[in-house]
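These are the structures, in structure tokens.
The following pair of complexes shares a single chain, subunit A, combined with subunit B in the former and subunit C in the latter.
Our next item is the complex of A and B:
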């Protein structure tokens, strides 16, 4: 028990620096900002940071939901598909001329339902979440293409732009972020998430309603994916069936770079936030350096390997 | 062990039956399905994904997972294309492309074996890295201009069967012989089933894992060359959806994601079902994406059913037992 506490609340109690889960990611972000600021004139400017924060909001929101799922020891490969499903099927409402106050809740509702399906299947069939969400990803993506027949939805009424304009996406992101940090660090719910990831059977025996928690986690992930989709629509002004294509793996990357263990049970929301920021920084930096953005993947990949290596070394020391 | 094998054989029979049912339905519904032209084009198109499935099966049986298969495939195409453009003779380009696949396998193996990292995340990382290298090599463009002699191999038929398909079958037979008939193959199964037991029984677990990843890299590179030949160019997006498609098909084919169980035949049947459905829906004028939906449902059903019979029942019995014993304990305390 003592061990578990050390893991999860390391940052709060300020134990030895090595034990701070977010340490590597904080270092990466700091180094990246410093290096880029020296190398690129105009990188260290409010305008640039504004841009970066705008870019990372959608993937950031998805990653936050993914963090909860991974904390419980699961994984959700269907987030990109849910994102696309919510906006494409919800977008049919726009075509039918539904008012906005129906379309938005409808999209969130779709996210809820698809997340619920993931949670239901994962908890009832007891197959690895990886397989379940791989299957549901196929099902959702297929359904989108069958219903939309691959057609874009465009133009979107300008009223829908507001959610993607100005600071609103980042404000939404920040609200979700603060809420989740509070939940994971200060509530019984959050603590139980870590407990489930640490050991599902033992938490079941200690009276944690594991099934219910897992359902909630997948539903939250679904709703957040739908929310990210809505912001994406606001930003881009059109809806395409292939939306959110790489979101699954990118979100997992952000979570893992942020120091959350893929086995569940340890990690933090703050780490994921920094992970998303790091990926945004790299992309912006490379773009401003006029380096081919194709190299971004190379850096992201090495960051992932580096992040999990540190996690693995920690596990071995224990 | 015996019951496990039997259940797997049963699954293979069911899968084969499913394929036969699909074929007969399509034959009845669509006049063009049973024509030579259609069937040979299905064979040709499924070759490279089937190769990837063979690679993935080996890795999954060894207890790992490889998401970098699609990227490796693209890398082989890019390497062979770029080198050929530099004026290097084609044979060397092909060898270099295959070696690049071996290199990727070596990298994956190193990270998984020596650094003891989780293969799922490692191969996401290597996938990202390799894909970015491919984009950078090709500058995001499609590279054409292979010699006609080379790409015309796509039109070569032996006994009216496309050469690409025959190459795939050749690899499949090799993989089946390797897994079933050699001690190396049995060791791969044993490492996947239980690493510690395998280690204690004197198997070099590390070498086996290296072998699985390197074999996967090599086969994927070969698949990349087949793809190049078929579409007569190397494209940066080759196999971008492959990892998830292939893993779905392989899992449908009865290979366990936990390792130690599976067969190349099952994976090939999975891929075949996928392509038959895809072909069928487009022939019938239906939306081809129904195939994706059906694939997802079959995936969850196949894997779920197996687990229900094997794990859940045991788990429930255990839980009930432990609850009963807990209740008894609390009663006796009173």
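Our next item is the complex of A and C:
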């Protein structure tokens, strides 16, 4: 009798393990760490992991915002452009000699405004977010070039280095991460994001304030992009008009590799976090192996296809 | 002749077909009925080549067949017209008919003349007034279905399987489909006709086979049976009563609609809904009932007029406001406007009630589970566990999920828009029962349905809508199907 019960528990455990949505991505991360640790001396070291975490913070923060957008069935191609806009246009304040306590909120405010524009357009015009944000991306990037005339902002006062130094970026990332995990799993707002992605009209008729919440996710995505930009400035010590290039596609890659459905409705913040880690691991591993970094793109591409295939197999099994 | 011998098919945990043996005679219209999950769609999928692994044997005219794909089945003379039409809206009627087997001239150039000639011939055989060069997307659903039938004819099909062909047709269009089926029959084509609607089965079929729980319960000649017998074979119990016995429980006025209008949709509609009342809205498709319901629910705007709740004027700009004022709406479009298909049963039920489930800021998962379990037990929702994806449930169970969600909101007014569409007899009865229970609790129900028997069977009053206008109100005791239908089709001016 007892045995039967235990068996039951075992199979239930097996089943629930299979149902852990992040399972594939956890496995990839584990496999990558094991493989690189054997192949590369010095890979399995605190120093290296510290490096990797430091590298993934900015793209990680952007990916977290992107996850919320994608969960609702949307997409935001303009995150890299918003990042750049916030620091370049906000950076004009530095040139004008504004104090940091005005420049920082100003940068975040720019992220807010550009995110708001994305949200406003996607909820008012019956055109997919892909097209809207493709448009706004070009507008934002174009505006940067018009205003900065392509000039770098340098030097930056050393006070701005603080946010990019030591553990600060990772602490910021960790705070946003934990906050978002709780929001998506345990709050009405978070649950409703999944509902919107699962069926927009159905959610509307279930009393979900669809338009409002969609506005919110684009705004959050915008603010987080600006925040990532501020960290980037702190790390590099200068501001370049081309900042944040490819952040959009890399963030989407991290989200998708992390198991979030591109159609919305399923996925997780934790998955995205692991997706970002995986991409960081690969980049670090390839760099340490002295393999041409161009390989990274190739491997990321395979990973996306692989992750999506696994996801569709799991969908079928359900 | 199609002979099915000892066919079984299993899915993990379910025996979808259990040792089925039956015969379909050449040239007959053979009806296939059964509740959802009875196995009829599994059988169709085997016959049409979608499922190729099953136990047992299938013979067509004494030679054994094993289709490997839908294409393979079509090549062997079995064509299926699925519920979800497979026509391509962007292509023309003729192109659709020849899709995948276009006649060619040399060097792979399409032979448009031949396509046009054959398609015209096929269309005229069916007496269909459709231009072969028009884009299919511009046709009505009924005409798209005719294109599908033409496709089957072009293939020289000997057997045509029709899966719920009338489910998205209007009464009028259904009347047009039947002569067409007779035409096919005259040509010697065998038809396997799958439907939920017993009346239809009796009208068009020669022979009726009943399925229940994966088993073939029996096959009856139409002339030797009646609908009561067929229904009791389907549900395994006698259903003398298709509707629960209802006693009127009319109390206070709850909802009062005054002269609401919306351009091109409905005009000057006024009615009162009382607590404990089921107000049936009868009408043909396009009579403006759904549009009116959505406007009351705040999903679309009203041009003029007023909605009063407990004699207070209300104006809802968003369904959220309607819900928080105690008006809930169940859409006719279960998949598109009711369910979050890739979310779990649990999430689908709790979505409208997260505020209640949340303690301060955080959702109380334990409480959520309890309350979702309460409703799923109450309505006997068939599922493996509450975290199952809702898409994998049967139609009736999906509908119960949405009803659970709405009931949890503790609304005072429920608008049920075609709540029994596409679900089986047993589940229909359960939904009528739920509606009856709600009225006993003093809720008011607006019940929109295009199936006249159920509107007459369960409503206290019947509102007849025609072309956006409310043209007549019957009390339950003064209505009968003939009278109501005459009004609905415009045969009787007020």
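In this text, the second predicted complex is superposed on the first by the 301 of 318 C-alpha atoms of A that agree within 3 Å, B and C clash if a C-alpha of one lies under 4 Å from a C-alpha of the other, contacts with A are read in each partner's own complex, and residues count from 1 in each chain.
One rule holds in what follows: a contact is a pair of C-beta atoms (placed from the backbone, for glycine too) under 8 Å apart; a residue touches a chain by one contact, two chains touch by 3 or more.
In this text the structure is predicted, and so the values were computed from the model without any measurement.
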* Fit or clash between subunit C and subunit B when superposed on subunit A -> clash
* **Partner chain(s) touched by A:57 [first = subunit B, second = subunit C, both, neither]** => neither
* Please work out whether A:301 is in contact with subunit B alone, subunit C alone, both, or neither, and reply first, second, both or neither. => first
* Count the residues of subunit A touched by subunit B and by subunit C, then name the partner with the higher count. => B
* Asked: Of the partners subunit B and subunit C, which touch A:123 in the superposed model: first, second, both, neither?
  -> neither
* Which superposed partner A:292 touches (first subunit B, second subunit C, both, neither) -> first
* To do: Check the residue A:138 against both partner chains and state whether it touches subunit B (first), subunit C (second), both, or neither.
  => first
* **Contacts of A:199 with subunit B and subunit C, given as first, second, both or neither** => second
* Structure fact -> Residues on subunit A touched by both subunit B and subunit C 204-205, 263
* Structure fact -> Interface with subunit A, subunit C side, in the complex: residues 297, 299, 318-320, 323-324, 329, 331, 336-343, 347, 350-352, 354-355, 358, 361-363, 365, 387-389, 392, 405, 409
* If you look only at subunit A, which of its residues touch subunit C in the complex? -> 19, 182, 186-188, 191-192, 194-195, 197-199, 201-209, 261, 263, 265-266, 318
* Taking the complex as given, what residues does subunit B use to touch subunit A? -> 111, 115-118, 120-122, 124-129, 131-133, 135-136, 139-140, 244, 247-248, 251, 257-258, 287, 289-297, 299-300, 303-304, 307-308, 311-312, 315, 319, 322
* Asked: Where on subunit A is subunit B touching in the complex?
  -> 77, 121, 125-128, 130-132, 134-146, 149, 204-205, 249, 252-253, 256, 262-263, 292, 294-298, 300-302, 304-305, 308-309, 312, 316
